[in-house]
Structures are given as structure tokens and as C-alpha cells.
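Sharing a structure here in C-alpha cells format.
Chain lettering (A, B, C and D) follows the sequence in which the chains are written, and residue indices restart at 1 in each chain.
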Amino acid sequence: MSILIGRDTRLVVQGITGREGEFHSRAMLEYGTPLVAGMTPGKGGQTALDGRVPVFDTVAEAVRETGANTSCIFVPAAGAPDAVLESVAAGIQTIFCITEGIPALDMISVVEKVRLAGARLIGPNCPGATSPGRAKVGIIPGSIHREGRVGVVSRSGTLTYEAVQAMTDAGLGQSTCVGIGGDPIVGTQHIDILRLFAEDPETDALVLIGEIGGSAEEEAAAWAAEHLPDMPKVAFIAGRTAPEGKRMGHAGAIISGGKGTAASKVAALEAAGFRVAGSPTELPKLLREAGYRG
Amino acid sequence: MSILIGRDTRLVVQGITGREGEFHSRAMLEYGTPLVAGMTPGKGGQTALDGRVPVFDTVAEAVRETGANTSCIFVPAAGAPDAVLESVAAGIQTIFCITEGIPALDMISVVEKVRLAGARLIGPNCPGATSPGRAKVGIIPGSIHREGRVGVVSRSGTLTYEAVQAMTDAGLGQSTCVGIGGDPIVGTQHIDILRLFAEDPETDALVLIGEIGGSAEEEAAAWAAEHLPDMPKVAFIAGRTAPEGKRMGHAGAIISGGKGTAASKVAALEAAGFRVAGSPTELPKLLREAGYRG
Amino acid sequence: MKIHEADAKSLLVAQGLPVPAWAVARTPTQAREAAVQFLADPGNATKKVVIKAQVLVGGRGKAGGVRLAATADEAEDVAAQILALKIKGLPVRRVLVGPAADIVKEYYLSVLLDRATKRLMFIGSAEGGVEIEQVAVENPDAIVYEHADPLLGLPDYAARELAFKVGFGKHWKAGAAIAKGLLRTMIANDADLVEINPLAVIREHNADGTPVERLVCLDAKITLDDSALGRHKGLEELRDLDAEDPADVEARRYDLTFIKLDGDIGCMVNGAGLAMTTMDLVKRAGGEPANFLDIGGGAKADRVAAAMRLILEDRNVKAILVNIFGGITRGDEVARGLVEARAQQERDVPMVVRIVGTNAAEAAEILEEAHFVTAASLDEAAAKAVAAAKGVAS
Amino acid sequence: MKIHEADAKSLLVAQGLPVPAWAVARTPTQAREAAVQFLADPGNATKKVVIKAQVLVGGRGKAGGVRLAATADEAEDVAAQILALKIKGLPVRRVLVGPAADIVKEYYLSVLLDRATKRLMFIGSAEGGVEIEQVAVENPDAIVYEHADPLLGLPDYAARELAFKVGFGKHWKAGAAIAKGLLRTMIANDADLVEINPLAVIREHNADGTPVERLVCLDAKITLDDSALGRHKGLEELRDLDAEDPADVEARRYDLTFIKLDGDIGCMVNGAGLAMTTMDLVKRAGGEPANFLDIGGGAKADRVAAAMRLILEDRNVKAILVNIFGGITRGDEVARGLVEARAQQERDVPMVVRIVGTNAAEAAEILEEAHFVTAASLDEAAAKAVAAAKGVAS
């Protein structure tokens, strides 16, 4: 098993005929992801990726015709919130929004609609997720992964790759790696992913990658302390050297009013039983020290 | 027992210090309704009805301080949709909106919010409900009622009084009488009230009062035929002489495109086992003929 | 409130919707001037104009109220003929003049209040240009439905879905944009219904003479929510007073709901449902109601007097039935209003009065003192009124 | 994006919010002219003016950037002094001049994005005029919170609830209206934060000299969502280029995220989280990062070259660390950009390059051919860069 995506995933890519959408769809298909449909309004009836994927005008049609249950959005920022709503209305249960640069206010009503529908949104501005050996959805390079039993959750993109690469190099495979996105309003937060990992029989250890800003890592840590006391847990927090009041790239990564510092997050994680690494390369060693034998 | 209101009702009146609100609140209190609170912004801390009812600034406060679980709205049309939202947000489960003249579009988001909260809205533009001997909420004159076991549901105001008076005069008491309101968008329709009566052990017979326009009576009839085949059922439909294309007072009462005629409603009700009266005064006789012995 | 096609089109244009140019003419000369302009327009592919009667009833086409003209002379002539028409009893006082469209394909698109779902609903069809009710009977599968979200309106995806389902083909983007525009029009004006029939792909000419297709609103029907008129400046001005009875104007002034009918028994009732019931019982007793009249809740003496004047202005009225079930309305107030009204009325018409409910006893006293004919039940009141209208002593 | 108080007030006024009059002065003479006007205003109960430095950092009061003046001469003098200040390193180029308020009571009210609930949240307090963070620590019960509805915004009832909870007393209607106005301001401009501190009841004089109280926005702070600037005409103009490094302007032009810091090791990274991590590891290895620089996803050669120029413009930079984990970004593209940039650069700074992921092999080949110092791991790269900056051969 795995979380979010796995053997039952049937993926529709919204914006499959765009440059980014096509590039990453090809990579997903080559990774073995069950990419069953693409969607671009006005291109219904055509095919994408050398005839391998049928394209539909609407997600509803893609769902009806192919049984798609998961979507991945590469639509530009102006249309991406609407693309999420379209997936929700079509009954898609797991939605990955890769698009970056979406105005934060646009996402407020969208995440509420997702919540009311009982669906799950990952992102926006996220790299997606990979369940090694089964499927990858989004833009995480497939080559960095290795099948295994460590669950990885992160707010970042390339930092996640760094951490995953370090794990793979050390022989520690992953059950699922999830990048939840760095925007202030995201559909799914660290704690939500931990809840999913807690119920996944194939996840035996946790890697949590966080960064400055907000208090999502602290909340996740508190939850893990209570519900996963015995699972080996390691973490890395980026931004120890970030100055206060400056937005460090991610709209969400800002220390304000003395809140959201790396120090407070590290302290919360350590108090919750996480071993916190000083560099992503130390994560495998810390996992072993935490008792992980996978 | 009874439906919507009864011994457990704890009523807050929104707009209790207005002319209408005060007049009818007094009547409700005199009828024995457990009217526990009033609400008028800016008059929190005062009392209404000769010191008998505390007034609060917000419904939330009224709920917190008095345990109110039912609200009745006498707020003018411009503020009435917001008043419903306030009740919903405060956790009120049963909301009566008496106010008439609310623009229909204003109610669309409001009824959706009510639905999402799992609450129930009666009205707007409705006379309210009475459970004789227990409570009355709204503007139905208390004097026309008699305790009993006939459930009454109606779109109209005074026409309901006429029907109820005829019942009472014939010695047929009521479990609950509900006026659902004559607007095109109302929170609760005939069929919803029938569902409640079906589960009320103290309701043994049904009186359905309808009028031209829409297809709510037809839908209610079909439901009753399936779920209440053995309950004595009578009905009256107003508007047999109404011309097509004219709005007969109620915004909802209009025959258009040959739909919503009295004839089609009468036919549907008769097909569903209702005896349909030619005049409200005939309802008691028809109920007896339908086998009601109450 | 119904408004004219030309006014409806103005509301659409205000929301950025594509509507071909038009002019409104009240005289044949004005129609000629407009025709000259549209006939000279190089974009006009048909080189003709259409002249359409502006009346607030359907079926104007069958009644000869929509005709084409190829020259200015013909336009003037046709306009004169249409302006001389009465359609379903309503005189035509204005015509709309516009370029006659070179229609490639006709669609139907509307948005209205759907009571059952308590949402706004779009209705679309690739079979436009005929009444949608007819399509619904003959070819129901040709109609597609799409509900607006009660909290978000019509998101882009839903507009696209609707456009693909209706089948606008290569005009799907325009179709989706128009659907969104119809909803904006609905909300901006608190309309009950915004209906475009036909919504048509028409062929026009570019400046260089090459043909070009576009999707446009060729006809438009909008009805407005009376309850919301108060919050829209300017919409009340669209009311066509010409098309209304003076009685309607008077009724609005006193907040009465009045609908004139063809019978001879005037009815004055409080409550819409009870007013319809009263009419029904008059008919059942062998009479014909002269009107629907709801004096509303809490009516006071002056409103009662105004209601009485309205009823008596109808010269057909031979008897009056007053039926009041007091709730908010106080019976004694109504009784006093009746006494006052009778004192002022010009002609003597028999009146049957039934007042029950709040303050009924006080009302009975007042009525008795003033020698009104009264009735205990509604059925009795109806019978007495019918008898009175037929000249039988009651 | 941060904007000045005066600009924030203009956005509030555009939404109908009550803000006392003000003027912006760039010179002491302009300040004097404004003061003359406000001192002569009969409504000005204090007969004084306030002069406030317009800088995009907090703490201007403590820095002497907010002062009163009772005469035009004094105003000119005070303005001159403030315009000569540097506050937290930023020169004061403008002052705001307005009537000094006769404050009866100070409140705090703001609306901001609440990540945890994914909704907009109002924060209010009857303890205004001080930093809300301080109130949160010293008297947390004095702060009230109210979330906007994610689909309906702030309905009237919620605005009233907020007003009653904050405790505006007889000014509750004004408080509720202001709360709604703050939300409108937020939405109309895609703001992250709209903060009024103090929101104050002030005493003014009517024309006849009688005192009158009203609730007004005395100070205003608004930050805008950078992702949404593109859809708001005019907001980009509120950017204070004076307060920015030329490097910031250049970074925006190439879609780079660049933040200058105080160290000597320039960093060029793809991805914000990895960029922060790179800085952290530089520090951990004993060095000091000179900047945060995220070249974003899919960066091509020209963006890499621009990033290099930005880094080298900082004369403190003694070594450069390039860390690229290819995903969308192709390693060979970055490598080519580095070769090109080094060919053009004026001064020779040691550079350590680490490229992994997509097309890393091709990148390695290019780098080797161009004799770049490379590193396999991020830790190694950081160590080498720190050593290079210290002049130790790497």
C-alpha cells in the first residue's frame, strides 16, 4: 500500500497539452503511473503523448469515460483554482495542484469546496507525490526514489528531492513521498499527511521536512507525539539563517512577530520525539539511530 | 409529540423589539410558547415584553445564555437573509423566517448554508407553525387551533387559517400546523414536512394545502403514495380559476408553460390517494370519509 | 415585472454580452431613419432590416409583429403596419429595428430560478428559435440543464461544460462567456428569468467584405423580481406603463396585489392563497370573479378604501365579496375601511362581507351597525355574492 | 509587497472607510503648506498636526519618526528633521501630515490570512495603539478573533458579532461597517494583511464648535500578495523603489527571488526550501551567506547569467556556491549559463558548483570542460565554498 496514490490510481491530467503538462505527463507515464486521461477544453477527441492518452473537454467526461479518480493540474495560475473546482465537481477524490503563483485569496473558497466535497487537495505550488514502484503524480523526478517503507512529507520541492536522494543513496526506500506545497493556503498540511501515514500498514518510519513560517510543523509534531510515539521519526527544518520579516521565496516562508522560527519548530519536533537533522544528508543516519531497521 | 416545535422548543425571536416582532412575540408568549430570548443588535442587556424576555445583541449570545434552539425572524426583508445566516452560525437547528418580500436571489446562498449546517429553515414569507397546546411560532392565530392528531401543511397564510378553523370547528384537532411559505425559494417544501409527519407517532392523518405554480405538491403526493399509503390524507389546491402567466400574489403562484396548474396538482394528489376538497370547509368531512376516526 | 426586448438587450449589453445593434422607433419615420442606417452598414450580410413589435406578451411573430424590410420605404411601411397592430389586446406602441440576421444556426439559452433545487438553473438547447416548452415535449433529449453553484455562481468549468453539452462547436468559448454573462445579468438586476431565444451564430461581413461568424443574442426576454426592484435604481423606469391598466398603477401605490379578470364579482381578500380560494369558490357557486385582490397582511382602513375603489372602477362588477381572515390583519380595521369606502363610492354595488379571526366580534358590530350583508362561512359568502350579482335578493 | 501608510489609507478611502484627511510631503515646505491647512480646519479639535515618516519598517515612533507640531513653523522644522532621518537603515523620503487626533479611545483591528483554518481572520482588541504581538503576550484575553466565511465573506451578523466582542460600545455600527470595509479592501487589492492600529474614537468639532465623536482609521498597514499584483492595475505603482535595492528590481525583471544578506558567500539555488537549506549549511560550515537566491523552476541560461550578475554586484561576495537539484530545471542548461556568466564577469570570484538530478551527467561534462570546482554533496559544496571564501585553496 501507500498513501494518496497507488495501484488504484487512475489519473487525469488537467492541462495535458500545455508545455509543462505534456513534459511531466510523459515522465509520469514512463514511470508507470496509470495516466488514463488528459483534459484540455476544446481538444476533446484528440489524443496526447503519441496517441497513448485520450484528451477530453471536461474532467466530468474524463471521469465518465475512463474512471479517473485522481487529477493533476498544470493549468496556469489564472485558471488553476477553477481547475480544482472542476475536479471536485466531477467527483475526483484526490487532486494535485502543481501550479505556482496562484493568488492566496483565490484558494480560500476552493479549499472550502474541496472540504465540503470530502475530497483531498495537495498543493497548490507543490511538486506532487510519488509512491515508488507504483505511481508518481506531479514533477518529482522518478529516478531519486527507491521502493521502501519510509513516509516523507515536505513543504518544499527541490529540498524534498535532496532528502529523498539522501535516503535512497543510503538504501532507505520510501512508501510515499508527498510535497504539500509552500503557499500560505494549501489544501493539505503536514498533520493531514501524518494521519494518512499512521493508517498505512506499509509505512514504518517518518521523514518530515519543514521550513520557517506558520505553525504547521509544530501542530504536526504534537499530533505525532500523541499518535505515533513508537514510530521512528526524523525531521529537517530549512531557514535557520533566515532573517525576520523577509519572505524567503515561498509565500508561506516568513518569520513574523517572532513566530514561525526554525528554532521554535526544531524545539517542538524534538519535544515530540523527532530527531532533527542539521543537513538533509544526515536524515538516514538519524533514522537508523531512531531504531528504523527497514 | 409534534414536529418542528414542541415541549423542547426554546425560542429566540430575532427582531423582537420591532413592531411586528413585539406584537407576535407577545401572542406567542401568551400561547405558552417557551420564548426564552429576543435579539436586537444594540439592545443587548435590555428586556422585552414587560421584562419577561431578555434581549441580546447576537443570536450566539442568546444561545449561550438561554439555550435557545429555535429562532423566529421578524427582521425586515433587507436584513432577513443575514438573520437566517446568524441563526445558522449560532447553531440554531430550526429557523422560522416570517419576513416577506425578500428578493429570491438572496435566499439561494442562505438555503445552501442552512443545508450545509444540517439545520432546517421554514419560510421565508411563511406564517410559522403551531403545535396546539404546546407552542406556536410565527403569526398563526392561536385561537383557531385545537389539540389533536392531524398534521397540516400549507404554502399559504390565511388559507391555512381557514382550513384549520374548519378542522377545529368539526372537532378535529391538529398535531402540528406548518405554513411553509409562498415564495419560489423556501427552505422547506411540502415533501419535507410530510417526511417529518411520517415519523411523528402523534400524527395520524394529513391535510395538505397547496396552490398553483411549481411542482412541489406533485412531488409530495408521489412521496406520500409510496410512504404513507394507509394514512388518511386530504388536500385542497387554490387557484383553479387562476389565469396562465399571471402571478397570483405569491411570487411562487404562477402557471407557466402549462405547468403548475391546479388540475395537474389535483390529479396527482388523487392518484396518490388524497381526497381533494372543493372548498376548505369540506376537509373535515373528507378526512372522515378517508377513514380518520380521531 | 416584464420588460421589453429592447430594454432586456440593454441590460445584456451592460454586462458585456454580444447583441447586434438595434434602435427603438415609436413612429414609422423613426423606423425609416433607423432602417437607413442599418441597410447602409457594410457588416449587414442580408442587406435587410427586421422590425419587431415591442409588446409584453408572447406570440408576436404569429400575430404579424415581426417582419423584414429590404428598403427604407418598405421599413417605414412595415413599421406603420406593426404600430397599428393590437397583439393579444395590447396596442403596439414601439418597434425594434435592427439588421436582419444571416443566421447560420439557432440555439436556446436561459437561466432561471429552479424551485426544486433552490438554485439557479441554465437551460440550453441546440434547437433554438422555437419555444423551449415545445422542444421539451417533442424532443426532451435536445435540452440540457446545468445548475449554478449556490455559493460560487457559475465557475468557468461549469460554463464550459454547459457550452460543450449544448453543442456550440467551435463557438464554445463564446457560449461559455455568454452563459456567465447571463448569470451576471440575472444577479445585477435581480431577474427571475433571462432567456435568449434564439442565441444564434450569425454571418456578418468584415470591412473587406469577407464573411465572419459570431454567436450573438438575437432576442432577449427578462423578467425582474418585484421584491428587489427597490434596490435597483432605474429598473422601475423600464416598467411599461402603457401596457398596464391604470388600476395596476393604483394597486402598486397602495401595496395591493390586483389582477383584473373577466367576471362580474369583485373580490377583496387578505392573503394570496385565500384570495385564489375565494375566486375558486365564486366560480364553484356559479359566478365569475372580476379580479384577484390581496390586500396583504395588516391592512388598514385606507388600503381597504383604495381596494374598494379599484374594484369599483371595473364597470363589469355587479357584486363584491369581502373575505378577511384576521391574523395580522385586524377585522375591525377592515370593517371601518369598508364603511368609509362605501360612504365615498359613486355607485351602489351589493356587498357581502365575511370577517373572521382577530377582532372579528368588533368587526361584526361595526358591520351590523352599517347594515352590511354578512356571512359566516366562505361558502355561504360566495353563494350570497353570486346571488347578488345575478340580482337575486340576498 | 509592502506599501506606505499614505497609500494604504488611499486604498481604505476607496472602499469608503473613514480616514481623517492627510497630505504627503516630500519637502519641509510642502509639509508646512499642508500644516497650514490642517491647523486652520475648525474640525481639528487639537489645533495641532502630526507628522509621520513614511518608511516600510516598523518602529518609526521610537525612532523619532512621528511628531506633533502646533504651528506652521514648527511643522516645517519637524518635517525637516524627520526627512533627515534614517530609520533601520532606510532614508525617510516622504512624510505624512494630518490633523493631530484628539483620541478618546484606541482599538486594534486587522484582517489577515489564517493558514491553519485556511480562512481570512479578523483580529480585534480594545487595547489599540500598541503592537498586537505585545498584547498577545501580556493580555491575550484582550484579543478577539472572528473568521470570515470562506464562501460568503463577512456577513452583517458576523461583523456585528465582531464589533460587540471587540467592545466598540456605542460605536458598534461603525465598527461593524469598518470590519466589512477592511475585508473589501483586502479582496479588492488581494492583500495579505490589512491592519488598522489604532482604530480610534476621536473627538472632532462640528461647524458650530460642538464636539462630535467618530471611529476612524488613524494608521493603516497593508501588504499585498505578490502573486496577484499582475491583476491589479495601479498597485505595482505603489511599490517604493526608493526603499528597494537596485538588485531587487533586477531580480524581479528576471523572475528571480533575491534577498540580500550580510555575509560573503553568494548562493544560487533552485527552489526556496533548498535555497534556505543551502544558506543554513553555509552557516553550519562556518561561513556567512551573502544572499538568498532562488532561480525558480526550469531556469534557462539567461536567468542563470542574471543571477550571477546579481550576486557579483555585492562587493562583499568572496565565493559563490551554486546548488541545483534538477527536476524541472535541466542541469546542462544551468551549467551552460554558468560558463557564459563567468566569461562575462568583471571580477574573479571562486565558485563551487553542485548539479544533480535531471541532465546532471551532461552538466558535469560541461563544468569539467570549463574547469569549474564541483562537489557531489551539498555538505561538501558548502564546505568548499566556505574554504574558498576564506582564501583557502579548495
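One rule holds for everything that comes next: a residue touches a chain if its C-beta (ideal position, glycine included) is under 8 Å from a C-beta of that chain, and two chains touch if they have at least 3 such contacts.
Keep in mind it's a predicted model, so treat the numbers as computed, not measured.
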Exercise. From subunit B, how many touching-chain steps at minimum until you land on subunit D?
Worked result: 1
Problem set entry | Remotest chain, subunit A as reference, centres from CA atoms | C
For this session: Compute the distance, rounded to whole Å, between the mean C-alpha positions of subunit C and subunit D.
Result: 56
Seminar exercise, completed: So, in whole Å, the Cα centroid of subunit A is separated from that of subunit B by 50
Problem set entry | Length of the line joining the C-alpha centres of subunit A and subunit D, rounded to whole Å | 29
Seminar exercise, completed: By the touch definition above, subunit B meets two or more other chains at residues 109, 113
Exercise. Tell me, which residues of subunit C touch at least two other chains?
Worked result: 151-152
Exercise. Drawing the touching chains as a network, do you get a line, a ring, a star, a complete graph or other?
Worked result: other
Exercise. Name the touching chain pairs, please: which are they?
Worked result: A-C, A-D, B-C, B-D, C-D
Exercise. What part of subunit D is in contact with subunit B in the complex they form?
Worked result: 151-152, 155-158, 160-161, 164, 172-173
For this session: Would you mind writing out the residues of subunit A in touch with subunit C in their complex?
Result: 41-42, 44, 57-61, 79, 82-83, 85-86, 89, 109, 113
Problem set entry | Complex contacts: residues of subunit A adjacent to subunit D | 20, 77-78, 100-109, 111-113, 127, 139-141, 143-144, 154-162, 165, 182, 184-185, 209, 211-212, 214-216, 219, 236, 238-243, 246-253, 257-258, 262, 278-281
Exercise. What part of subunit D is in contact with subunit C in the complex they form?
Worked result: 151-152
Seminar exercise, completed: Residue positions on subunit D within touch of subunit A in the complex are 113, 115-116, 118-120, 133, 150-151, 186-187, 190, 192, 225-228, 231, 257, 259, 261, 269-277, 279-284, 289, 292, 294, 297, 325-328, 356-358, 377-379
